[in-house]
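Next, two complexes with subunit A in common: one pairs it with subunit B, the other with subunit C.
Moving on, here comes the complex of A and B:
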């Protein structure tokens, strides 16, 4: 089971109401390389991955939910005081008529999240390579978000999340090496 | 009704976030380096420190965890009271 902890993994501050930025951040909420996709990908793959990396997939998958909560907090704080007119000007009019200011799992362009964003191949190397690629794509997305953002407080939290993608990628690469070594040893003995 | 949040809340929460970040980092590292005794020792040290400051936090601002993981809910059921993490 999972246990909720009433805290954010890292503080989220925003400078001002900024629905345009919130719209862009949705890419990491319900986008193909976003945090929801990451969490669901890893936690689903772990049932058929070799024992040696189940712990890693469980822990990174769990951390992704903490990142999802940080993104949700950013979007919530950036939009909570926005008027319908401000939302419309930010390109969120389509979102508003369907969801008011509620969050929804879609990307920056409003395309709803789909399971076809993620894969579970049952082949551990194929799955881990997908996971490494996912982390690198999420890292790149964070970089583009930092580049386009004009909110210094928000950028601090985005930089934290960008660094986490780098660490996750590194750990997944180590997991690949662990499985390769294991495979080599089995051939020898 | 959300509880009163003061400077100490942010100060303690910041400390918890910092210490728990060390634990997240060490957890992932130990997942791929389970034989590293020094990392394990560091993990144990920070784990004890985390428990200690969470106890201080929870006495003042209520339980951090649900389902009885925070063992002392206090004299009244406080879990449903804010602020929630996105509200501070």
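Moving on, here comes the complex of A and C:
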């Protein structure tokens, strides 16, 4: 069960009307290394992972939804008042004819999200290594987004999200260390 | 390629990609990549220094050792 708090994890402020940025941000919305993929990956893997790290996957998977909501807010703010003409100029003409300015789970190039982006191998090490890789790939995506964006307020929120990827990666690496060690066992030398 | 900075730690690493005589664009010079602090910490040790709570909420981490500010390393140019 979840308890919803009706506010964003970190404030999202957009300073310029720039629908092209919305197109790029879609990569983190419905892309392979995006927040949706991350949330669904962790919240699904947690059923078949050792008890000691279930809570970690629940916590991080939940936070990914909070990030998804931030990305959604950014995309929404950047497109909500744009005319069809402006959307076409921003490269969102294809999006407009299918969705108007509604959000949809696809990447920056318009490729729809698919479950094959994520894996649940059932092997705890394989799954956690995938999770670490996913965090580093999301960190890289945020870096490229910051590089390509010229909106200082938006970049501020993107920096927060990038930092969270670093912390998540750290925690997954610790989870691997916990599973490597037999901490439960009594050692007699 | 030799790392350009052997003595001072930096989370920003760089290398110069090969530029051939028939490459269409001018060389980008240095190509940068990041090696954030989590890579150097196997398991977070206890009692690390913390940011004050409000500052931590804004930075995205409670731990000073895990904070890594990011800025676009490339300067804009024409062509």
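What to note about this one:
The rule we apply is simple: the second predicted complex is superposed on the first by the 182 of 189 C-alpha atoms of A that agree within 3 Å, B and C clash if a C-alpha of one lies under 4 Å from a C-alpha of the other, contacts with A are read in each partner's own complex, and residues count from 1 in each chain.
The rule is simple: a contact is a pair of C-beta atoms (placed from the backbone, for glycine too) under 8 Å apart; a residue touches a chain by one contact, two chains touch by 3 or more.
On a predicted model such as this, the values are computed, not experimentally measured, just so you know.
Legend: residue contacts after superposition of the two complexes on their common chain; A:139 is shown touching subunit C, with no touch to subunit B. When the two complexes are overlaid on their common chain A, residue A:175 makes contact with subunit B while staying clear of subunit C. Of the two partner chains placed by superposition, A:22 touches none, neither subunit B nor subunit C. When both complexes are overlaid on chain A, the residue A:71 reaches neither subunit B nor subunit C.
Within the superposed three-chain model, A:63 lies in touch with subunit B and out of touch with subunit C [touch as defined at top].
Using the contact criterion defined above for the overlaid structures, shared-chain residue A:147 touches subunit C, although it does not reach subunit B. Once chain A of one complex is fitted onto chain A of the other, the partner contacts of A:82 are absent, as it touches neither subunit B nor subunit C. Set against each other, subunit B and subunit C differ in how many residues of subunit A they touch, and the higher count belongs to B.
By the touch criterion defined above, A:166 reaches subunit C but does not reach subunit B.
In the superposition on chain A, A:7 makes contact with subunit B only, not with subunit C. In the superposition on chain A, the residues of subunit A contacting both subunit B and subunit C are 10, 167, 174. Chain contact summary for the complex, subunit A toward subunit B: residues 1, 3-12, 53, 55-56, 59-60, 63, 69, 72-73, 76-77, 167-168, 171, 174-175, 178.
Taken in their complex, subunit C has these residues touching subunit A: 34, 36-38, 41-44, 57-61, 63, 66-74.
Those residues of subunit A whose C-beta lies close enough to touch subunit C in the complex are 10, 139, 142-143, 146-147, 159-164, 166-167, 169-170, 173-174, 177. Looking at the complex, you find that subunit B touches subunit A at residues 13-14, 16-17, 20-21, 24-25, 27-29, 31-33, 63-67, 69, 84-86.
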